[in-house]
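For clarity, chains are labelled A, B, C and D in written order, and residue numbers in each chain start from 1.
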Amino acid sequence: MKAGIVGASGYTGGDLIRLLLIHPEVELTYITSRRYQGKYVKHLHPNLRGITDLRFDELSPEKASECDIIFMAVPHKASMNIVPDLLAVGLKVVDLSADFRLKDPDIYERYYCPHTHPELFEKAVYGLPELYRDELKKAEIAAAPGCMAASAILGLAPIIAEKFIDRDHIIIDAKIGSSGGGKNFSFASHHPERANVVRPYGAVGHRHLAEINQELSLIVKQPIKVGLSTHAVSMVRGILSTIHVFLTEPIENKDIWKPFRKMYNKEPFIRFVKQPSGNYRLPDPKAVIGSNFCDIGFMLDEDIPRLVILSALDNLIKGAAGSAVQCMNIMLGIEETTGLLIPAPHPM
Amino acid sequence: MKAGIVGASGYTGGDLIRLLLIHPEVELTYITSRRYQGKYVKHLHPNLRGITDLRFDELSPEKASECDIIFMAVPHKASMNIVPDLLAVGLKVVDLSADFRLKDPDIYERYYCPHTHPELFEKAVYGLPELYRDELKKAEIAAAPGCMAASAILGLAPIIAEKFIDRDHIIIDAKIGSSGGGKNFSFASHHPERANVVRPYGAVGHRHLAEINQELSLIVKQPIKVGLSTHAVSMVRGILSTIHVFLTEPIENKDIWKPFRKMYNKEPFIRFVKQPSGNYRLPDPKAVIGSNFCDIGFMLDEDIPRLVILSALDNLIKGAAGSAVQCMNIMLGIEETTGLLIPAPHPM
Amino acid sequence: MKAGIVGASGYTGGDLIRLLLIHPEVELTYITSRRYQGKYVKHLHPNLRGITDLRFDELSPEKASECDIIFMAVPHKASMNIVPDLLAVGLKVVDLSADFRLKDPDIYERYYCPHTHPELFEKAVYGLPELYRDELKKAEIAAAPGCMAASAILGLAPIIAEKFIDRDHIIIDAKIGSSGGGKNFSFASHHPERANVVRPYGAVGHRHLAEINQELSLIVKQPIKVGLSTHAVSMVRGILSTIHVFLTEPIENKDIWKPFRKMYNKEPFIRFVKQPSGNYRLPDPKAVIGSNFCDIGFMLDEDIPRLVILSALDNLIKGAAGSAVQCMNIMLGIEETTGLLIPAPHPM
Amino acid sequence: MKAGIVGASGYTGGDLIRLLLIHPEVELTYITSRRYQGKYVKHLHPNLRGITDLRFDELSPEKASECDIIFMAVPHKASMNIVPDLLAVGLKVVDLSADFRLKDPDIYERYYCPHTHPELFEKAVYGLPELYRDELKKAEIAAAPGCMAASAILGLAPIIAEKFIDRDHIIIDAKIGSSGGGKNFSFASHHPERANVVRPYGAVGHRHLAEINQELSLIVKQPIKVGLSTHAVSMVRGILSTIHVFLTEPIENKDIWKPFRKMYNKEPFIRFVKQPSGNYRLPDPKAVIGSNFCDIGFMLDEDIPRLVILSALDNLIKGAAGSAVQCMNIMLGIEETTGLLIPAPHPM
């Protein structure tokens, strides 16, 4: 089968190209970039020198239609105006922008901008296979999750419906590397400014909040509002979400293990991490960087009824390109882990 | 006046030496190190080459007694057994270990070990001038705060007694650089392991919790228990405490400004940071590294009744050696800011 | 075919495991670790959690003999005493230590220690396929090169015999990440000490000099002695060798291109990098991290007759485990690039 | 006495402000910025919050004339057109741009652009007090050296005239942090791109070469041309110049010590670093960051007649603002070390 990528010049696009080049059952035949049309991949993605001779092409639904599936790696707003043309020529789409993640156009507008194609929302499935595997099989659009949202939702989904969870006092304190900001540079991303920071750039109001609240609310069938604060830290890749959950009653470790095991026991890309010792006894982005894994672990606070869930992933892989390829595998009827169980070098 | 340092070979000791060498009214005349006795300072602290010819001496209360004040920069447990001998020769002591920070020997024992000299607790004042300036003037022992505790307490003290604060749901999510672990190396601090991490090393149960709960409880005259989770991040110096506070009622920015201004308006080392734009519109350790400042700012969450307080300081300065020197100034009747308003180089 | 690794608990061992796990034609069946015998791989290599259930076994030539080839990932000196037993049971060996890289036992002794099995030197081939592809096909021992040596030799080999090269004034100024020191921690590798350094730890006398001089001398059939200075820089992986070569006569770019193209044109893991613009217009370890590529480029100095060759590789891959697997492929008659053309994530 | 800074919004300007604010004998009364006129210093330099209430003013020779001395911290080309107006109102000038460092307008033009005021060259003294202390006492213009040039020249000056130095084969391999590029951001300085690099951005042809060749040639009274290659490494501050010098005859350590001691024995900001052991046994930028020191050390190569000189400094201090203030002290008849012997925090 054949895949294409619209907007493949950025960091997420680069990781999509990489993952598709090593995918044994899908061929990457078409990549576009408005700005770099005609240029070789290697000029934009130095890691792919010597690996591929692909060139960036123009965006054309006709050319795209020779593929079986298209990944959208353009910014939100740009995506919503291209996707309809791709669907029109019968393509399946995995959208990595925010444009098809939300169910409610008003909420989309509040966090982003007015949406020009809300009629497509019903064709879109939120692109977390751990939550929507069955729906993804038939989806026309998979909306790959926001990186921070993926990390938070995967950490909370198994236990949010438990009665011992105080749903009114949930805090997600996220730490993310600089690649999360994409390829657009600014004074904020200038190395002397960005190195060695713990910058609370989204202390409140981060856009991924919309997805997190939506997905958690869908699970419990009641509106949930979490508190999300995001911090830029001094690394290139990775997210750790520290999820602070107050408890309504005293519980034991097994009360947490049980629902997590139930939901994730057979998940190929979720790893439970809770060892008695070692540098990686709890999730740390460092152990997942370069891979499609999301590591999840927890600690119970003995002082106050509190549960601390740690959820770590690579923002560009499980938080973007990796989840997207996982969605593709499901949508195309390919074994879900195909091309994604490549272990990452360590340490990095 | 003359000052000495017991245990001056570590990172905190190094910063104490540095601060005392540039202090215009106090002379550093005596530094000890069991391990490096006889060696020059420059062999342990390369930044002090060309600045001082001091040598590490043996520990001797007699020699110490030629000073007016002694800083204890040895680990907890070691300190409690030396301090009595120093008090006995009439010295004032600023202790940077945990040994005299707590009021309750049982709590000390729970978090550390049995205490051999709890009778001295009444002579000790918690070394945060912002809270105990008057008491420090006459203190025999100033117990410099734990770095994480200093950051958390300074962030919460002004508002913890406000009626809109939900004292039962307070989360402190702290991020700290590698110097916080001191000079003792291990596989956990091995550079390939420690670089690029967000390691939740103290997801629950961090020792500084004891001080934080104690000091906040003293302010409100009721027991308070906060949730503290600490993370090692990829930098050498600095702490950011992100303090998540749920609110019992809707408030406005000015409701927070008011108590903060009231408490800190004249504090020389607390800076309010809340600008509309810029890389440093909220506190970030990067802006305080190398200085005795603690930057404090906040954001109100519009989605849920939540207040996010950010508190940033240099763990080795305002979180240790700087607060200690500030205490010394007060204890010796010297103008409090003396030697401490040196701006730090930026960016680092 | 089956492969085993003796001493698989370190960083190089970890990357060997990783590369062999993704190798489509070789199965990793046997890994040893004296210290971690019985433990699962995932306890030592967090990136391999969820990928393999292998456990560390004891070292036993019998058990090893069920493999077709054994990788030695133990330190020098340890290796030389194990290899004979492996050869005795008919195994082929890829040794990643320094023990079989040199031809002259006296030079080995000068840089390392007395060698107990110099009689095996004639069975060993220096493990750089770019130089010894044919010899490796029949080798019993492949001696994978030192990381710094690989980088330097690959940068110099194509032009060292050219008449315009002043062989008496060659400087190799190398910069390396912290993983180059392996897993053994010390105060030198303590993160607060090791971060943000440019530490000239091997200004003169680095051991890899022995290999570099040997291999360059073999090419020109005359003794060559280069000047090598190595620096620890603030990153985890990667080496850049900046090779400064004085010229005996004025030359043009094409005079350099020609011999490089001649030697490397068909090499699958050597990439020429010399673009007019861009962040990666010349080799930078950042573009090869995580891959088996060695990027080579150069600049001619217009001011003085000088050639600057840049050679970048990942010290743990092309500088160790990757070259070792490349050797294995050749020794076992497998297509040389098998399992090694996996592109690395970028940026890291 | 009073000082002013023209163009004080950048990194060098920030360090100048900082150094002048702590200077006990000079008052900083006037700072300009075209872009930030009217803004407070704290908006641009977060480290100076709470330290000063200075605002950026417009550039006006009249206003400047109330000072005794003006620092030019604007880019080259801008500086040359302002300096004449400042001299015209009787001011002394310390120029941190490249505009008055060179003696030959043709060479200036080759490396920079045509010079509009070469007639001022004779009033300018190269701002390295270690070389031009006497000349600086009466200078109207001190031309603070380029950071890379300062490091290289200080490393070579004492021995360049020795007969055992092969002046035709000198290589300076420099490694520099990201602050060396100033405050202007670009894709090259984007954190995901700039972190973890060893980027040979100036493999040949770096502009500081002009100063280095000039100053070394002046010492030996013969034209010298060195080979300079500069690398961006993963840190914010600091330069290490590794200076590779071939020798015309065998020498001993003392042959190097002697000329170095002779020239630098009384220099307050040059530290010899050559210890038998320890993380800082040779110069490393990490030990000088935040200070005005230049650490110099060396190793003799036993294999080939080669001398490796290591020279480390903070590019923004001894490589810019610190040397500039040192010049100012000399020009104003103030004790040279005034305000500059502040030790830096360590580790950073």
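Note that in this section a contact is a pair of C-beta atoms (placed from the backbone, for glycine too) under 8 Å apart; a residue touches a chain by one contact, two chains touch by 3 or more.
The model shown is predicted, which means the values in this text are computed figures rather than measured ones.
J.: Of the chain pairs B-C and C-D, which one is connected by the greater count of C-beta contacts?
T.: Counting C-beta pairs in contact for B-C and C-D gives the edge to C-D.
J.: Mind checking the centre-to-centre distance between chain C and chain D? Centres are C-alpha means, answer in whole Å.
T.: 38
J.: Measure off the straight-line distance from the CA centroid of chain B to the CA centroid of chain D, and report it in whole Å.
T.: Centre separation, chain B to chain D: 35 Å.
J.: Just the number, please: Cα centre separation of chain B and chain C in whole Å.
T.: Chain centres of chain B and chain C, defined by C-alpha means, are spaced 46 Å apart.
J.: Give the residues of chain C that touch two or more other chains, as numbers and ranges in rising order.
T.: Touching at least two other chains: 11, 179, 187, 192-193, 195-196, 235-236, 279, 284, 286, 289, 347-348.
J.: Graph of touching chains, which shape: line, ring, star, complete, other?
T.: Graph shape here is complete: every pair of chains touches.
J.: Under the touch definition given earlier, write down the residues of chain D that touch chain C in their complex.
T.: Listed in rising order, the residues are 169, 171, 173, 175, 187-188, 192-193, 195-200, 203-205, 209, 225-227, 229, 231, 233-236, 238, 240, 242, 244, 246, 279, 282-286, 289, 299-304, 306, 308, 310, 312, 347-348.
J.: Could you list, by residue number, the parts of chain A that touch chain C in their complex?
T.: 11, 14-15, 18, 21-22, 43, 45-51, 179, 236-237, 268-269, 271, 273, 275, 278-280, 284, 286-291, 293, 295, 314, 316-317, 341-348
J.: Chain D touches which residues of chain A in the complex?
T.: Within the complex, chain A touches chain D at residues 11, 177-179, 181, 183, 185-187, 189-196, 235-236.
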